[in-house]
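One structure, as structure tokens, below. Some questions next.
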Amino acid sequence: MALKALFLNCTLKKSPETSNTAAFITQAEKIFAELDVQTETVRVVDHDVKFGNSSDEGEGDQWPAILQKVKDSDIMIIATPIWRGDRSAVAKLVAERFDGIWDEADEETGRYPTFNKVGGVMVDGNEDGAKKAISSICFDLSEHGFTVPVNAFSYYVGKAGPGPAYIEAKGDRHYFTNRNLYNMVYNMAHLAKVLKENPYQTNVNELNKKAKKISDTQE
Amino acid sequence: MALKALFLNCTLKKSPETSNTAAFITQAEKIFAELDVQTETVRVVDHDVKFGNSSDEGEGDQWPAILQKVKDSDIMIIATPIWRGDRSAVAKLVAERFDGIWDEADEETGRYPTFNKVGGVMVDGNEDGAKKAISSICFDLSEHGFTVPVNAFSYYVGKAGPGPAYIEAKGDRHYFTNRNLYNMVYNMAHLAKVLKENPYQTNVNELNKKAKKISDTQE
Amino acid sequence: MALKALFLNCTLKKSPETSNTAAFITQAEKIFAELDVQTETVRVVDHDVKFGNSSDEGEGDQWPAILQKVKDSDIMIIATPIWRGDRSAVAKLVAERFDGIWDEADEETGRYPTFNKVGGVMVDGNEDGAKKAISSICFDLSEHGFTVPVNAFSYYVGKAGPGPAYIEAKGDRHYFTNRNLYNMVYNMAHLAKVLKENPYQTNVNELNKKAKKISDTQE
Amino acid sequence: MALKALFLNCTLKKSPETSNTAAFITQAEKIFAELDVQTETVRVVDHDVKFGNSSDEGEGDQWPAILQKVKDSDIMIIATPIWRGDRSAVAKLVAERFDGIWDEADEETGRYPTFNKVGGVMVDGNEDGAKKAISSICFDLSEHGFTVPVNAFSYYVGKAGPGPAYIEAKGDRHYFTNRNLYNMVYNMAHLAKVLKENPYQTNVNELNKKAKKISDTQE
């Protein structure tokens, strides 16, 4: 069965405003297509995603529908523009909402629905900030149940200061960015397939019991 | 064949000074032993590792011997104390030296010697800074050829301000830290085994050629 | 004339939900009162602050009213809870909105309305992340026109893992946190007074002209 | 009396190797000269600075001599190249050594020798990482007793990926970098003068006593 990759576009701009991050995602989709991986993108800010730390923040919250798409995918990529030298506030909001995944652990195994999925990061900006954003997101992905492959990211940034962003700067013709994109996509697809066939056997509940036995604190 | 895990202890203190990070590593080794994973620790500061960005910085540099141990392992864990709310200067030095791995890519496939190895992080401090350290190190691991499993880390920190560190604070009896340690170890061992049996097939050289074709810049 | 300090509470929780950050701010207000500094707090999430990078994002945007309060103050403190080991998404949103200040520079001097104001940071969480948050916010403050005094921050965090936050943990009785709070408040008040009497004379426009003269790029 | 500015060049490369950071510092020195501020640079890696967290790590440690230069200056600028998207290991080492300043507090006032000095940051690299470095260093400066002025930094970075660094990229002709440099220098000089004439009156010891009174914990 074909693999499925989901992009969460964390631009600050609602549709139909032009999003550089959307253009960058399009480039990644073309490469996934070479490998017959299906792709879908959610532009988060077009939905009413509430601030919070659970999987459902109540009336009107549209995060649950987005989270369902994550659960239905094998690969998830957080794609964010750079603001203030870091991921966008929307990307941070998304990260915070993923904390809810811990409450959705399987009763028997303690594994979250994200186990055996592969995570990656794409960052674009007119300048400096990509690696800070990637670092934070890699940590989030690992804690939220994703596995992070070799070279799990690609980014485009220009020179110090104001200047053209991905589209105007022809980021889609920038070798370093494309090289990382190719490697990211191929590595993600490989790892997703491998994990699908060889899923984690970790019984989180059992391990937590072992940890309790050797601990004084119990939380 | 048994898996092998290597810890790089990035304490600032030379042997035989007491290292909290060493005590934390000992705890992890016990858990790896449950899974018959062999372990070894290098206390980096006991060796003359030069500042630099290559795999060999010349006369007297002892990094090459440490790097050889990494190549001989299936699992690598960067273990660092917290200073200034971040990984230690020694851990940063180690990260910088790993940039040399890019020059050791296989001629045909372009894959570095670290491909198919699994990476993780352990952080201890008397207070605040673990997640910043973990974030940066997760990014480094991925860029340097390692795969980062689910929950690829464990950490101990105390309350805000000066206070007891891992040993004195009985971090080895702190449930949250032990829970993460158990999950980290089991997840790493699973992923290392799976990658050994299903290694990345990525031909980096071929992908880079594809990237060149669609790019104007060529570096 | 009395100095005025403004707190921006960047909790994720709308009133009337209990906010640990609000309790922490109350502690700071008591100390400012000792120095006859007037204080006011805005709980950002109670207002409809749009995502964006300008001082006014159009219809319904309530950031302009908050920004006006900043302009009317001598001291501003960003107070944020920790989520994902970093400042909250709301605090990031606030940082992004401050980029609009660059478009409000004085026509003649090029100085923004924030020049000669003093900035600081307060962070509270149940665990790890304070220093990462403080670091990013200190950079933002400096770039957005504020001056950052000695020890411009205070924070409360507990041990690694889930646990009580500021209120339940009695952060208001934690010496390290109170000590930093006292020093932060006294240093801020001193610097605010000094800058009021000895404002920056920097003519940004003139300096930018000098910079243009020695540069090839012009943006 | 003339102000004095000290640069700590945190390059990884020993003299006489070419240092891009040194070239960047030269540009800043020219601007300080316009304001009759004396300048001096220490290339840290040329000295035997031990890993550690005190002001004197014993036999052969050359940090004490560097620290004395800091004490003799009104302005200090940490200048660092980017490696791994962050400040260099040498810059991290320097930050860790500054923790020793807390043990040098004035017996009566509790103020460290750095009080009333102004701190700033310069970062150069071939690509991404400047703002992460600046953020961490701004936090360090504030905690170590320095005051951080408006726009307390300048940086040069090129496009994503390998590429020319400051010298080869003609960073000294890059408007954005020069603009920030001019503003940094003028703001630092103003604030240093103002703080010299209006030093902090904070009695840290007295404030700490006040904090103890309202606290249960005593450390």
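Chains here go by letter, A, B, C and D, matching the order in which they are written, and residues are numbered from 1 within each.
Please note the rule applied: contacts are C-beta pairs under 8 Å (C-beta built on N, C-alpha and C of every residue); 3 or more make two chains touch, one makes a residue touch a chain.
Quantities reported herein were computed from a predicted structural model and do not represent experimental measurements.
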Contact-graph distance - origin chain B, target chain D: 1
Far-end chain from chain A, centres as C-alpha averages: D
Distance between chain centroids, defined by C-alpha means - chain A, chain B (Å): 22
For chain A paired with chain C, centre-to-centre distance based on mean C-alpha positions, whole Å: 29
Approximate Å spacing (C-alpha centroids) for the pair chain A, chain D: 36
Per-residue overlap in chain C, given as positions that touch at least 2 other chains: 84-86, 131, 135-136, 139, 159, 161-162, 174-176, 217, 219
For the chain D and chain A complex, residues of the former touching the latter: 84-86, 127-132, 135, 155-162, 174-177
Residue ranges of chain A in contact with chain C within the complex: 12, 45, 51-53, 83-86, 88-90, 92-93, 95-96, 99, 136, 139-140, 159, 161-163, 217, 219
Footprint of chain B on chain A - complex, ascending: 115, 131, 134-136, 138-139, 142-143, 145-153, 170, 172-176, 178-179, 181-183, 186-187, 190-191, 194-195, 197-198, 200-202, 204, 207-208, 210-212, 214-219
